[in-house]
Amino acid sequence: MTPVSANGAIRNGLIAFAFLGYLILIGIPGRLGGSALPVLALVAALFFWVKLRFDAPDTGGAGLPGGSAEGKPGWQIGAPGQSSGRGVGALFPGRGGTLVLRHGLLAGVTTGLLIAGMSLAFASAIGSGASIQPVLDKIVPVNVGALIGVSPGQIANDDVPLFRYPLQVLFFTVAGLFAALAAVAARARNLQTTSMARLSAYLDSLPFRTTARFAGIALPFLLLAYIVWLGIPGVSAFGSNEGTVRLLFTLIATGSGLFAIRLAHPGREQKIVALLLALGVLTMPFILDQFQNSVMGLVFIFVMMGLGLNIVVGYAGLLDLGYVAFFAIGAYTYAFLSAPFSSPYISNLLNLLGISPEIPLLGYWTALPVAMLTAAIGGILLGIPVLRLRGDYLAIVTLGFGEIIRLFMLNLGELTNGPRGILEISQPGLFGLPPQSFSSGLLSSQGWIFLVALVSSAVVAFVAIRLNDSRLGRAWFAMQEDEDVAEATGVHLVRTKLLAFAIGATFAGMAGQLYASRQINIFPENFSLFVSIDALALIIVGGIGSPAGIVLGALALKGLPEVLRGVDEYRIVTFAALLVIMMIVRPAGILPSARRRVQVSPTDEQGPTTAAEERENDASLPAQGPPARPEDARSEEPA
Amino acid sequence: MTALLSIQAVTKVFGGLTAVDNVDVDIAERSITSLIGPNGAGKTTLFNCLTGLHRPEAGEILFDGRSLIGLRPDEITARGVARTYQNIRLFGRMTALENVLVGQHLRLHASHWSAILRSTRQQAEERAARTFALELLAFVGLESHAEVVSTNLPYGEQRLLEVARALGSRPSLLLLDEPAAGMNPSETDRMMELVHRLRDEMGITIFLIEHDMKVVMSVSETVAVLDYGEKIAEGTPEEVRANARVVEAYLGPEVVLQDTADTPNL
Amino acid sequence: MPKKLRIAALFAVTLLLLSACVAAPPAAETPSEEASMEEAPADMSGKVVIASGGTIRIGGSFALTGPIPDPGLNIRHGAEIAIDDLNGAGGLEGFMFELVAEDGACDGTQGTNVGNKFAADETIVAVTGGTCSGETFGLVPILQEARIPFVSPSATNPDITSPDCDVCNRVALSDALQGATDADFVMSDLGFTKVAVVHDNSDYGKGLAEIFQSNVTDMGGEVSSFEGVQVGDTDFRAMLARVGADGPQAVFFGGYSTEAGLIAQQMTETPGLEETAFMSVDGAYTQQYLEAAGDAAEGTYVSFVAGADSEEMNADFDAKYVEKYGVSPDDLGPFHSQSYDSVKLIAAAIMAVATVDDSGNLVIDREELISAIRSVDAFEGLTGTIKCDSIGECGAGGVQIFQVAEGAFDQVSGFGME
Amino acid sequence: MAPSRLTAQAAGVNGKTALRFLLRAFGAAILVLVIWRVTTVGLAEGYPASFWISQALNGLVLGGVYALVALGYTLVYGILFMINFAHGEVMMIGGIAGFFALQFSQSRGWLEGPWPVVVVALLLIMLFGMAASVLIGITLERLAYRPLRQAPRLVPLISAIGASLFLQYSVLLIFGVSPHSYRKPALISGGMRMGDVFIPYTGAIIFITSILLMLALYFIIQRTKLGRAMRAVAEDRATASLMGVDVNAVIVITFMLGSALAGAAGVMLGFHNTVVKFNSGFVPGLKAFTAAVLGGIGNIPGAMFGALILGLIEAIGPSALGIPTEYKDVIAFTLLVLILIFRPTGLFGEVLSEKKA
């Protein structure tokens, strides 16, 4: 059944309706107010258009994981390397144009009728005073009202002008037609598909490819310039949204910078671009305002987290879901050392040591080693009992560890002030200068935090990369590939694993300390399971094992939600949906590391990560090759 | 001359089943010894006992006169025992070169701090390691594939790479588990030649498990035969082949004939 | 693979839709934003200067997500209606008021973020909120540094206001008062001497529980057990069995509606607690509590901090609310009237200090505004006559004790009875 | 020298065994501490026997619910080796659907009728909840997991986490944040009292039903053709398909079974604790997963017993140790760590995990 067939069209109409229905249920129209109907129609149009482009009889797109491996890294944003061009080609045989138009019309009408029918049903129900659901009652009048284009009050009093319903049908019909026209036009312009991989191929074929490359390199600098310009008083974009818009551009600039570096020719050119970008980023704390700085600070705190977790999960292959524990340890350690609140335990301890408890006890930099050390110890303490665990057993135990730490923070009231948290944690100074001397004038307090975050994460990245290049990194990777062989090749498993945990924890501790001083107040809820999940998600979305990818992941997962703050209630749904899509279209992450790309090649069934864990869990069992291979049937195990 | 490795009355039991039953084998320095026996005879289990993957219930394993019993695999490797695997177990996502570098793990000593700071000493060590790795790859004939990801290597070359990785730890005793399994004749010849060169050029003692009689008879100076975990014979290939018990327990008449046909130059 | 692309496309579209929402928030339509920005070097002179045609922007931190979004939304609505009324009355010298709503999510982290956002925007004159105490704790240090005064409609933790925070104000009444009143009620009116105290480990609930506990012990009563639960728990049987083993005469719970209701209900299934009295706090003074507790609600006590509501003002407010949002205010939660009042209070203070300079700009001095809020006198709000004291406690009214009878709250003691 | 068992043991102190010894010592220390705590503090509180009995019953009910959800985890894990992180949400959806079904049947007055009518109505409500869960379950599999069969295992995990958040917050946006309160029909409200022990009817129903459902599942897996197919796929997907097993169908059916159980759990939990809301699946889901791992993930009896043990510990633990109930989760997770120290593959772990876990 080709999508241009009649029931194909109706099917698309139904799918569109289902999706719009979801949007209506979650209250989007109410949120949009007057513009609800046009926007929904636009959504429908986009949907139909996408269907007409990609929903071809044979979209033989290579298995997506494979697809992500090909193409030039510089262009691999978003959509996968789809070979759907063929499909589109096969879409319009002969008088295809009219067929497509008919398809669009039909689909549009279907959706329109359904939507109109639904709103009519709802409206009349509410009008007649029927209670739809105690719950739905709250949102329905506002939503349906917006959808029909009348005030909630009008619906309640059941005075809705009837012509509104045909109007809805009209809107969606137009949407369908418009989509069809667009598809035909695109076909006429013979532009195959919008997927980035295609685009890169297209650009490759052009003579001015180098110009495109330079454009790619120039982009972040242009954006930086724009950000600076936005900073000038009086300049503004989109009215009062200026702050958000500027933040968005800051995020994009930072992200596209990483691509620019990849686009540059290796060698001197690359060095220069990287240097300039580094300078550009270093100026940001000075030009951004309090809010943008605070967000960027958070982003780079999570970059540190990501880099640390990446050592445990990405390099050593130990799935850790309790990573937040070390973050919390770092944060609370610093809080104890620098906040007015002092728990009896600690003050007793101080009296014991004969230290006079003045506040802050230690400055940021003197406290840093303490926080790092405490976190590292925590890492080792967690590491020892889980040394023999693999895969998901490890995952759940670490998760439990994280929860235990949080519950202690919450319930050990005397030690941690319980749910009321620890307030007024002091900010980093420098060379004995008090923090205030930075939080004034050209560098706002949050800007200072951002600067510290930048530098610290740079250091962390440096250490992580160097270690990964050393024999320790090779040992980690070997361990991830095949524990027993690694050991038989001379890798000391216990030491190597504990090192991974300890180093990862140390980085998390640094991040936690900076987080505490950024937040000024910390509460146990700040250290819920979701922090671990965020950290894990950002390294996987970014591209596990690749530091650049981790930065991108942090920008996307911690930065974008702040941009979406205007639509807060939809933030998480969007985030979650994008997470799933991301995993489907680009399992290797935005900027995968070379090894990762090998891993996700469709050839290996469950992927090496499993291969290591698949083998025996019980150390007492004799070790043999992966069970997936038939040869092993012949292995000399007494079955 | 004294035995480099002496296995004394080693016994390994899984549940009720005795996989290795009171086996004694002595392996002389710079010798090539084969361990043969039908499937399930306990050959690989014996290897696993040697490399510390299993812990024998009883018996003693002396290497250079010191006991290996109870040592961790990495400690045993440090003593100078390296092995390959029956079903190839390379680090799949690593390049050939990286595999061999991991093989050298024990021979590298730069601290992690120096790795972070890229101290000259650590740099020098890494460079030396690379050159040695390339030499080893050249030795097994993979110099051209140094940067190839190991899963993408053809089967035979993966076996060669396993040998190179094992050599990375500079062993004095090398355990080869069916090195020629699944190889075509030309690859097999290449492997046999490699085994000889290992002994002659590197002076490494070889202890190998093999099913292919052609290989066994041509490379080994001593042959030990396991059957149901027991050693039923030991001696030169000729003696073993002559041994009636071996013949009926393991080879079977027609194999003998075929073998004599294949190997006239014995 | 068309499937994957289809999903991908669908959600790409969602995202697009959302960014559409971002690009056009209500705030965005305000005219001549530039003008106000150009001449608003507030951080230099400590003044907010609004060019003619500009708007007086009041920040709002509401718990729109997190544990209690419904009350949060309710509070936001209250503030928006207050803004409508102000502008309906012609604003101030022709300058209109504008609410800049942010999501404080009822936790300190978001509170900190929102605080930073307001501190960054020098056109923000004052802030109403935050909704929850934790969220407000996040706001305090930042607004204090940025010299932006705030009035919280619903943050009741005693530590919110303090002598050394001059920008901190609230129209809600401190928990200290409520906890004491409850303790007094349980001990004197009900005549119990042995009570069990349970809290939900939120800064709000635990705070109240501790205040109650200390008051009871001060009055010579015995607290047989002090147990905590988590917000979101639904099975309290194990905890209650333990509480019941000590045989208290009453169980006091500091926390929100749902947990309160469930505890009240599961008490009837717990040996030793079937007949024990149950008392909870204003967090439970909601329809939700009655629903969650079911029949077990009958006879239980709930305290609430109420104002001397003037009937006609409230009726008027409710009418506007229903017209604008199609919901009755009480369906979502308490505190909408406090929210309304906090905005009106801020506006009153602004009107007191704002001056129009010769170039037609509205000038508001931050320091003057901060002190003006404290000096607002006898301001008539929905919750009664509002007057701030020296540390920013502006709440009107007092604590009322209700007992549930025939599925409705029925006042048995406290403010407004005599 | 005479080779003997002695020499073998004599050289016994090496890294691995030393580590194992360390762990054992660590575990033993905690056990001793626990026993000491229990004897000196817990029992010293002098609770009556009836108290312990009713706590144990609470624990069993809790365990029954955990078990139903844990089975979903274990089934999916056994076949796909992936943690279906969204399984708790599948349960929650069942609860929500059950709530609306309940409201409907109340509006029809079915629950005031004679007891057979009520029983039928209740069964229908439960079936409705299960159906909703099954629907969500298979949709999940189709959209979020199937495209990732080939991917490395972290990828489906993240996708599952995304799905979990998506379901939670969609429900929040659609049905609001405030919990929906089940109204127990008279027939199952209240409970039976034996001396000082009180057993709520809903609790008894949960325990019995979950046992029955588990037996049914066990029968399906062990005795039917379908069960054989499932076990085959669990052992080796490729070979199974070579043997003519329709792997996709088996996987879908697995999700259906798991989701149905979760849905049942959701509805029954709704009746027992009388509220459901958008996130009321998350914590039970986490606990159920813990239980599955406790029993050895991928192993069905393991999941059942792991869940019951977890439930009991959560209910009895705090009182027995004489510490506040806030710490029940701490106790649960500590127990998990302890058990995994001694049995790295869980209580019943060998069966599947020896090969695959």
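In order of appearance the chains are A, B, C and D, and numbering begins at 1 in each one.
We take it that a contact is a pair of C-beta atoms (placed from the backbone, for glycine too) under 8 Å apart; a residue touches a chain by one contact, two chains touch by 3 or more.
All figures in this text were calculated on a predicted structure; none of them were measured in a lab.
Per-chain C-alpha centres versus the global one: which chain is nearest?
Taking the mean of C-alpha atoms per chain, the most central one is A.
Report the chain whose CA-based centre is farthest from the CA-based centre of chain C.
B
Can you work out the whole-Å distance between the CA centroids of chain A and chain D?
Those two chain centres are 29 Å apart.
So what's the Cα centroid distance for chain A and chain C, whole Å?
Centres of chain A and chain C (C-alpha means) sit 32 Å apart.
Centre to centre, by mean C-alpha position, how many angstrom separate chain B and chain D?
Distance between chain centres, rounded to whole Å: 47 Å.
Averaging only over C-alpha atoms, locate the centres of chain C and chain D and give their separation in whole Å.
The mean C-alpha positions of chain C and chain D differ by 38 Å.
Mark out which residues of chain C touch at least two other chains, giving numbers and ranges.
Touching at least two other chains: 1, 4, 7, 69, 201, 228.
By the touch rule stated above, which residues of chain D touch at least two different other chains?
In chain D, 15-16, 143, 147, 176, 178, 324, 326 touch at least two other chains.
Among the residues of chain B, which are close enough to touch at least two other chains?
If we look for residues of chain B contacting two or more partner chains, we find 72.
Mind listing the chain B positions that touch chain A in their complex?
14-15, 17, 19, 39-45, 48, 51-54, 72-74, 77-78, 82-83, 85-89, 91-94, 98, 101-103, 105-106, 108, 110, 112, 115-118, 122, 126, 129, 149, 151, 165-166, 168-169
Flag every residue of chain C that touches chain A in the complex, lowest number first.
Its residues touching chain A are 1-2, 4-25, 27-30, 33-34, 37-38, 41, 57, 64-65, 69, 100, 102-103, 105, 107-109, 112-113, 116-117, 119-121, 123, 134, 137-138, 141-142, 145, 157, 159, 201-203, 206-207, 228, 322-327, 331-332.
Given the complex with chain D, which residues does chain C contribute to the contact?
That would be residues 1, 3-4, 7, 67-70, 201, 227-230, 232, 234-235, 237-239, 241-242, 245, 258, 261-262, 265, 269-272, 288, 291-292, 294 of chain C.
Once bound in the complex, which stretches of chain D touch chain A?
Of all residues in chain D, those touching chain A are 15-16, 19-20, 22-23, 26, 77, 81, 83, 100, 103, 143-144, 147-148, 150-159, 161-166, 169-170, 173-176, 178, 180, 236-238, 286, 289-290, 293, 297, 324, 326-327, 329-330, 332-334, 336-337, 340-341, 344-346, 349-350, 353-357.
Report the residues of chain A in contact with chain C in the complex, numbered from low to high.
15, 19, 23, 28, 31-32, 35, 39, 43, 46-47, 50-51, 54-56, 59, 61, 64, 79, 82, 84, 87, 137-138, 141-142, 145, 151-153, 155-156, 233-236, 238-244, 289-292, 294-295, 410-411, 413, 418-421, 423-424, 439, 444-446, 518-523, 525-526, 562-574, 577-578, 580-581, 584-585
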